[in-house]
Amino acid sequence: MSSLLEGVKKDRFYVSWILVIIMFLSYLVPLGIPVTIRDPTREVYQFLNTLPADSKPLLLSLDFTAGGSPEIRPSMMAVVKHAISRGLKFVVIGIGTDESTALMQSLFDDSGVEDTYEYGVDYVGIGYIPGGEITVAALAQDFSSVVETDAYGNKVSDLALTKDIKDWKDFSAVIPFDSAGVHMFWVRNWTPYDIPYYGSFTAGSEPRYVAFYNSGDIDGYMAGLRGGAEYEILTGFLSTGVKSMDMQSLTHLYAFVVLVAGNVVLYVFKKEGK
Amino acid sequence: MIIIEGRITLFVLFIIYTLVMIAYVNLGRQGKTVNLRKIPAIDAIDEAVSRAVELGRPVHWTEGHPRASKLYDARGVYLVASLSFLSLIARLTAEKGARLLSSVGHPELYPIVKEVVRTSYNVAGHPEDYVDEDIQLMPEYSYLAAVLGRITREKPAAHIQIGYFWGQDSVAVPEVAQGEGCFSINGGQVGALQYLVVLSDYVLIADELFAASAQISRDPVLIMDMAGLDVNKAIMIVLIIAGVILSTLGISSLANLINM
Amino acid sequence: MLEPLGTWIALAFTVMILSFGLYKQNRFFRFAEYTAIAASLGNGVVVAIRYIYSTFVEPPMTQGGLSILYLLAVVFAALLFLQFVGEYRWASRYPMAIIVGVGLGVAARTSLETEVVKQVWAAMIPISGSGMDLFNALLSFVITISVLAYFLMTPKYKGNFSYLLKAAQAFLFVGFGAKLASAIPMYVAWASGRIQFILKVVGLM
Amino acid sequence: MSRQTTKVFLPVLLVAFAGGVILAEYFFAPQILSTLGSELKKLGVLIFSMSMIVGLVGISINSYKKISRRAPGEWYLHVWLLALLYVWVIVGLIYTPTHDFYQWLFANFITALYQAMLALPAMSLFVAIYRSYKVKFELNTILLTASFLLVLFAGAPLGEAIWTGFTPIRSWIINVPTASAERGLIITMALGVIGLSLRTIFGIERTWLGILRVPTATEEEGEGE
């Protein structure tokens, strides 16, 4: 062992190994630390759960990257599965990154939407639309001028679901899923309209959007992996979100332990040095 | 209307900013000068290079993740700021005889970095010490692994990381550099500062990043330009104070200017 | 046949990269590193060549007219290659100058709008209300002003003003601590993605 | 034209032209400006794309040098690098990037490697917490640690299970002191950004060319090689 560890920074080695072991174990041996459902997540659930099945489509925007997907994907899957189980129609776009078309495809593959839904009638995948904030603003005012074809080359004016969509009034709600930091584009350009606004974003950016939730601009949201887990519990589509909650709790506890351990080691080391 | 609707206030502020700057630059041309606050991180670069010479190990410079910023978009200016540090570092390493390793993430910066380093070596009078191979391109997705690998292999004595960084680069790169015992001087955008503050020996906070050339060259024009920047900052402070007072009193005329 | 092979390749690369964090710099990591350089540069070159062809070479061929200027633009951009030719190296500065100029122009105007004007106006919050609201509004105002004053380059602060600056520094550090802690869930979630991947491939999840 | 004109003056002029057009396009209405501006931005992307190919040449030269002198311990890695690089480019040019095989390559090489790299910062962050918080009795460090701990506990279900009070404290810390300090930082930073941009556009600062001082100094003479 000693020869194997030669040249390795010992402290770093132990700190990272314990972290990884904690993460592995939290998936293998679930502790089931209770997850309280917070109000913003409950708002999203109640809205989607009471929306009539024949209402206008939802606008879902996938603004996250493959890197950010572990954090955002659980809430996206839970929302889409919930929408499918309730028979809600939806249109999927993406404005944050050019990876969103690929993410959309994997969403369609994994959610089983093709089994019960008919493409073009119940759901439409537009994919990535370039242009950033200007696009987001234009989408609210004149949808058809920004979007001409879907991801598969069909004209949106030929598809039953999208042919009558003109502006924000033709959607029943908008739900952007963001890890690329473009959620503000949506908040700035869509909350002024009288349309139910929900969102999913990283846990790190939650504090920034709490103010908009408190002021009523955002009607509800799911923050990071935690929000996804809460939504999975509410809908019963348990998946990676819930499984990751123990991991979240334990790593936070571990951060505290590491902070204390670092100082203890420093203190003892210093004492010996004297 | 020749000015685009809704940008009149912006334009007026821009003109004020520019006029103040020009006025101060002209003062500088006439030879007037003021005392600027010293930025310790910039002085520390000298120390870092000397340390590298003593230890006989290289100096490492890097500028960030190419998916986070591009030279032709709004964050490109961080890279231009980083180049001004690079030209200083290159000149110091040329003069003192340390090896300079540049890890370039942005392909569009790769030719420029070569040009800057070569020019700096020429100006310092040591064109023969310029090594083309020490400037390495680490494109797009490979940046993080390539920089970490390079730092652990080459074991530089000083690590200077200035530019625009996504989270992963502003945590992992300085941490690994610190673990290898590098003397580190880092600076980045507001979103990266919380990591850099705990992981560096010296940090360039806020607009210290853009003030390098004034302190290094001690040129009165550049120094007076900084003084002009201070005046502009003061204008913003006054604007905020006035806005807060007026809106507290219930007068919204200043607050409405933003829509003009 | 390609699919399962791909999964095992991805697993192998994942382990090679993680070996850096969990062990130290080693031969396998270095192999993965060079693979990443080659793959991402290759991808970038493919995208670049396709972009240049579809936007700058195809239109002049098919449309003619003014779009012929696009071919000149390609020649201008190709001046970058002169940096490999010692004698005419200076000519590669011209395309560099254009890209630097465009970037600086965009930066100046974007910063002016979204970071100066919008933020300055957003800071103009009325100090009113009662109890906690009043306190928060006042505190926000004081912090913003003191942080701005802290970064002034020319004045030397003395007396009571120096306390304001100490306060500014203190609040900056409160902010750094908070942002550092709220970053943990994000990084941990990133890492968990790979852990779930490994567990799934091995069949434990 | 003198050497000085071609080497320094013209590049500086080009920066001024490009930056000036982009700024003018933003403020002024005439159509010609926005056409010119968008063409310039396109040219910027073209130069960016071209520099990718310059990078290909640069890396090829470097690797070739290392292979030909059999650089110990790494020359075979450069053989692999060059082989993969050129195979990739050829595959990408023959098939389109939307082709299944290219997608397979992308998913299992680039995405796999990139996502694995994104797992490294988590370890680094914990090592940083271990190593860097040497809590001394200094006000700043204490404040940093205190706000770190308060926000930390509110971040996970476990913390909430211990005490529900962490969540409102976290909201306050982030919405009041953090947000307003950050606002000050952002404004300062942005003013600096505008300052550097205008300095360079006006040609006062030329550090991006490797020239530290303004033209009045004698530096310019040293610049000629």
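Things to note:
Order of writing sets the labels: A, B, C and D. Residues in every chain begin at 1.
What we mean here is this: a residue touches a chain if its C-beta (ideal position, glycine included) is under 8 Å from a C-beta of that chain, and two chains touch if they have at least 3 such contacts.
Note that the structure is a prediction, hence the values are computed from the model and not measured.
Per-pair tallies of C-beta contacts place C-D first. Distances between chain centres, each the mean of the C-alpha atoms, put A farthest from subunit C.
Ranked by how close its C-alpha mean sits to the mean of all protein C-alpha atoms, the top chain is C.
In this assembly, the C-alpha centroid of subunit C lies 5 Å from the C-alpha centroid of subunit D. In whole angstrom, the spacing between the mean C-alpha positions of subunit B and subunit C is 14. Annotation: 34 Å between the Cα-based centres of subunit A and subunit B. Shared contact sites, meaning residues of subunit B that touch two or more other chains, fall at 10, 14, 17, 70-72, 77, 80, 107-108, 111-112, 114-115, 118, 137, 139, 141-142, 145, 148, 167-168, 171, 179, 193, 195, 197-198, 205-207, 211, 226, 229, 233, 236. Within subunit A, contacts with two or more other chains are made by residues 9, 12, 16, 19-20, 67, 203, 207, 226, 248, 251-252, 255.
For subunit D, residues touching at least two other chains, in rising order: 23, 26, 41, 44-45, 47-48, 51-52, 54-55, 59, 61, 110-111, 113-115, 117-118, 120-125, 127, 131, 133, 144-145, 148-149, 152, 155-156, 170, 174-175, 178-179, 182, 185-189, 191, 193-194, 196-198, 200, 208-209.
Only residues 6-7, 10-12, 14-23, 26, 40-57, 59, 61, 74, 77-78, 80-82, 84-89, 92-93, 96-97, 101, 104-125, 139-141, 143-152, 155-156, 170, 172-191, 193-194, 196-198, 200-201, 208-209 of subunit D touch subunit C when the two sit together in their complex.
Residue ranges on subunit D touching subunit A, taken from their complex, read 111, 114-115, 118, 122-123, 126-127, 129-131, 133-135, 145, 148-149, 152-153, 155-161, 170-171, 174-175, 178-179.
Against subunit A, the residues of subunit C that register as touching in their complex are 18, 21-24, 178-179, 181-186, 188-193, 195-196, 199, 204-205. Residue ranges on subunit A touching subunit C, taken from their complex, read 7-9, 13, 16-17, 19-20, 23-24, 27-28, 67-71, 202-204, 206-207, 224-226, 240, 243-244, 247-248, 251-252, 255. Interface residues of subunit B facing subunit C in the complex, by the touch rule stated above, are 9-10, 13-14, 17, 34-37, 70-77, 79-80, 107-108, 111-112, 114-115, 118, 137-142, 145-146, 148-149, 152-153, 167-168, 171, 193-195, 197-198, 205-208, 211, 226-227, 229-230, 233-234, 236-237, 239-241, 243-244, 246-248, 250, 254-255, 258.
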